[in-house]
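Labels A, B, C, D and E are assigned to the chains in the order they are written; within every chain, residues are numbered from 1.
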């Protein structure tokens, strides 16, 4: 391979590298540095608590504290739980929806896609508060449930885990739908016809052809949903109770309500590590999915 | 197995008002029907209509006793080799072939055995059948498609140029064996081909399509030797086709030559068809011989194909065996046209 | 820039601060609106300086901390005690010259009874008052005392702020009310912090909703997701005005205010202008404006006038001289000296069900 | 046949419920935006345009909307350029460091916005971008980049390589091939990636909180701090206007695009 | 224009150690070279190596005087018709054809004119050329691919079965004209084809590939009439190929028949090749005639192809003109093998 050829990929990667090295390296280092400072807290010497951090100090104390802190592990556990549940719900709901949109004829397809996008064009707050009104004790959903007789007292759909999952799903699922739809659009319809001709009904044609061919998109959609749900901030913050705190929420709490910057930074590092681990773990099924999908080999 | 009846099928695309135009056809149970026609005449479209991959605008499709016009492909039990193969990219060759059996619910060991058998038949090595379509050569892919269409035992087999990318040897073997398999299983088969010889050799009957219409249907000999129109004759590759310009009680004129009138009613605008292997070329002048010049000489394996331009300007094709003394471009020849070399093609209104 | 320049020349060209710019951080929403309406034009006209208002949320202190030395992001900052105390101790704010702020005298002494003022770091004043908000259709009789929170009929129907600076004090007020000594919450917090904490732990299950923002609580009350709870006074007023179902009370005993302060960033280029601004912020006129926009005021005369004009305002804020003299902030000093422990217990054992 | 119908019905039903579920909060919120009241309550008897009037008379909100669209456009542009090109590098070439690059591209998504915002503030001040819309936009493109990357990577992976080879054989350089062949083929995926990047920028608050200055505040930066106090229906009206504005812009772009392609073909 | 030199090219895929195995070949400037070989033998792979779409494991590629082994495709100026066409799905036929000119920077009006001309040539209607590939028939797509490869005036043209999906008429016209265009422009051309006749008719020289190796290169007549090995002969479709079992001073034995020894050195394991059109079939017994039974009779347009099974069990193919009295399956015949009907194929070690 000539030198020129060896450099070609780096040429393609250059814009991103500049962006990442320029803007990401510093924050990442900053985050780690901050987590290694001594906290202000009771020992700040001002006679008052909560004083951000002590510049220039080095300690692993925060990490030690985190490791021993049940509270942190609870939050981490909930974060991961929420990430997985929301991802699962998103995929389960988004796949049929994306498939449905894919099957729609031209104009109606555009309308359906527009509907998915439009929900993300309005302010998050509006969506969340709109949802809060809907999920209230006396809101339409609870009234409907009581009317059907499924329940006799209002379900706690707000300020609860249910609310967080519903809210986060609502925020994440448009991405899932869009990614899955883009994947399905690339499925060659003549292959479906061929499968039908070989005696496969619509369901078998789906499981044997459409599904495997859309696996790469499914893999990507899962990854994006997972990462997004793991970083959940707004819906646990506004639709959850203190029982449903995620790492992203707690980073904010630690930094700006409890004024403990090193702890906030350390939790940020924890979040980075957690997501990295999950994303790496996910690479295993991801690769499996890709392999079973007939994706073509790249140029050698 | 199943007979097929097409009644006034019609199909159009935007910009192509008559991709398939009022086609009616009856296929007999167990017959092998060859569909011929120029590129873009609607052959593939017709197959797609029969297979249910496309809904006709008008007309009906019957398979056996059932009107299947409204039925989806999976209920028609037709095996199809698509022109572009349409192999499943995520399955290897073996899985592709076993697909039809799998969705039929055949046990794994059984369907693998059947698929292996089919792949043996089309000559894919053990190694090749573990590969995905993207890792197979063009011809190998085509063979997988053929094996796939046959493996699940369809009632009706539709092959859209199934041998186009195969070498002659393989093609001949496969078409031989296909014919045997087809005979044995009595599977009604439609074969689209561009190869006249293939059609003549294989087909129980032949249909010639042109611009979405079915111009002639008949046995190979019938169609080849008595084309229904000059379009058909032209398409079948008859080069020596000349419009008859003058008809007298016992003579006719065509291509500037006066010939004895063949039997039967002849009117001007009918065509004269001369068989190139029956024409005799002489180096000497003689009665009833027409002077011309050899303008091209092409080697065709077992014989030479000579192009002769007559005095009248008409161009003839005549074959010459290799053993005979050779004629080269520029030589002057005298062409003898025996009665056996002459056929008449009636002009149908199209 | 042009507009203010022309005003200043139009004003006669004698203005002391012409051409200077004052960058002010205020809270978004009501504060921002009032500030822009009642302060900015007047101040610009009077000084010839230009005011740049940068409204925000909890981002003022981090932004200041992230600024390079000598180039603070703002000159004049509005902040509260929880962030302001440590920020002052961190050296983010500089001392001011109290002699340049004569209007300080307008304020009730109680408002300024604070180390921030005493150490010359800035001017403190009461803002939002802890209010007992409720939905009339959800209560059998309108609550009047913090002790009412402990009634059995409201068990599991309370809404409380998830920040301890207000809610722990609410628990303290309820505790002393239950013990028959309303009005001693401050003392209780100072003397018996552990008792208050234990009380909060014991009663945490009565709370249905730990609200994160006023918006949330207002919504929860109107939607009947909870029956009653503590609330920011400032934010209760618009809610009361718009929903006839809602009711609010500010029990006279244990009334407590949020402590806000005007402070000047260390390293500012325009310290004099900032002091001038603080002085004007304390003027009768500006204070009247702020009060009309829904804020409290520490100037007795202004408060009395407001209470006459607006009955909701009167219901919630102190308006008589003696009320004003009794103004108390939340017990920030106690909080600060036990900060780490409080945070821990609050987050782990009161907000969350301990395992 | 019956199973088939039933399956279709079920899929249709789920999809309609999901789509309705997605739209419902928005519709509800838009309904609220017509309230005459000052709190988030749907109008009952009487509808009013008061909050829209308020929106259009308050400079800060209008400018916020404008800034949001500008920042979103820049962020989308940067994300699309960076994300698409890096996807090409990772999918089309095998080279040392490819995996590392892959990880690095994903990394921004793993770091809380708060940290990014706090750390980027002093940096933007030193490079002198602070105060321009590029500060926020570049920060947002850190999140847009991985999303575009993921969407495009998937599309590139199953684009027929023969197509690109054919173009190269016809004399097109790698760049031309990409522009004239690859890009049009993966256009839907790029569009989805771009859409996601734009949406993220439009909604992102925390980085904006740190990196915006008064003259380039984005809409979330204007809206969000209000949360501390009683949120007014102005926010709902703002959403109504945002939806409308974005749609007009997108629709206009699509219209021009279709005109353009019709003229050139 | 450009000569091409391949030196010991090698290429393998996982599972296919010798897709292209040590191929050396020199193409003369302006020649039309036909590449023949069974499906999967490595023809397309060889073209991809020459075009630079694939990097060889060993060996070098020279185009003209330049070693282009390390150069990307766009610097080689080769036009290629891919076996699967590889048309750009987002461009219509016209834009596809104009693509090569566009990236060369040719002005719009000019490149459109050129593209239109090419499409005229391959016979796409004005309507069809506005359509995207997915809306064209298989043959139409193939024609677009052909037009595209020719339009931008490459130095080297590589056609991978460019006529496979075209009907005979069109194919003949196009290959005729292709040859003319090629002659005129002197573009060096490699044509992969399965059609022996095409190769014989078109090629200046022919190469036969087998399992990645180039077995024989020569003029059409040379290769057809004197195949270098039985593999080549077999592939060229010579049916009457028999291993020589016994060599005596003046006679040889093959297929159970004793024949006069042809001239030249012959050893056992060489093969005997009988030309079917030279074999004489008689109804009567005679000297030097071998008894056999007609087992199959197939119509081939101008003649019948008879399969005759000899007493020895060997199967022969013999042609019979249509005019002669017909022989049917089951008839007993006596086969005469004139000296002219016999060739010898040496056994090369492969």
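Here are a few things to note about the model shown:
As a convention for this text, a residue touches a chain if its C-beta (ideal position, glycine included) is under 8 Å from a C-beta of that chain, and two chains touch if they have at least 3 such contacts.
Since the structure is predicted, the reported quantities are computational estimates derived from the model, not experimental observations.
Between chain B and chain C, the least number of touching-chain steps is 2.
Among the remaining chains, those touching chain C as well as chain D are A. Of all chain pairs, the one joined by the greatest number of contacting C-beta pairs is A-D. Ranked by how far their CA centres sit from the centre of chain B, the chains are topped by C. Averaging Cα coordinates per chain places chain B and chain D 55 Å apart. Separation between the centroids of chain A and chain C, computed from CA atoms only, is 36 Å.
Within chain B, residues 84 each touch two or more of the remaining chains.
Counting partners per residue, chain C has 62, 213, 215, 219 as the residues that reach two or more other chains.
Shared contact sites, meaning residues of chain A that touch two or more other chains, fall at 129, 133, 201-202, 255, 293-294, 296-297, 300. Contacts from chain E toward chain D in the complex involve residues 48, 51-53, 72-74, 76-80, 82, 84, 86-92, 95, 99-100, 102-104, 130, 148, 152.
Interface residues of chain C, counted against chain D in their complex, comprise 27-31, 52-57, 59, 62-63, 66-68, 71, 213-215, 218-219, 222, 232, 234-235, 238-239, 241-243. Of all residues in chain D, those touching chain A in their complex are 3-4, 7-8, 10-12, 14-15, 18-19, 21-30, 32, 40, 42, 78, 81-83, 85-86, 88-95, 98, 101, 103-116, 118-120, 123, 138-139, 141-142, 145, 147, 149-151, 153-155, 157-161, 164, 174, 188-189, 192, 195-196, 199, 202-203, 205-206, 219-220, 223-224, 227, 231, 235-236, 238-240, 242-243, 246-247.
Chain A contributes residues 40-42, 44, 46-52, 70-71, 74, 129, 132-133, 136-139, 158-159, 237-238, 241-243, 245, 253, 255-260 to its touches with chain C in the complex.
By the touch rule above, chain C contacts chain A in their complex via residues 58, 62, 65, 82-83, 85-86, 89-90, 162-163, 208-210, 212-213, 215-216, 219, 223-225, 335-343, 347-348, 351-353, 355.
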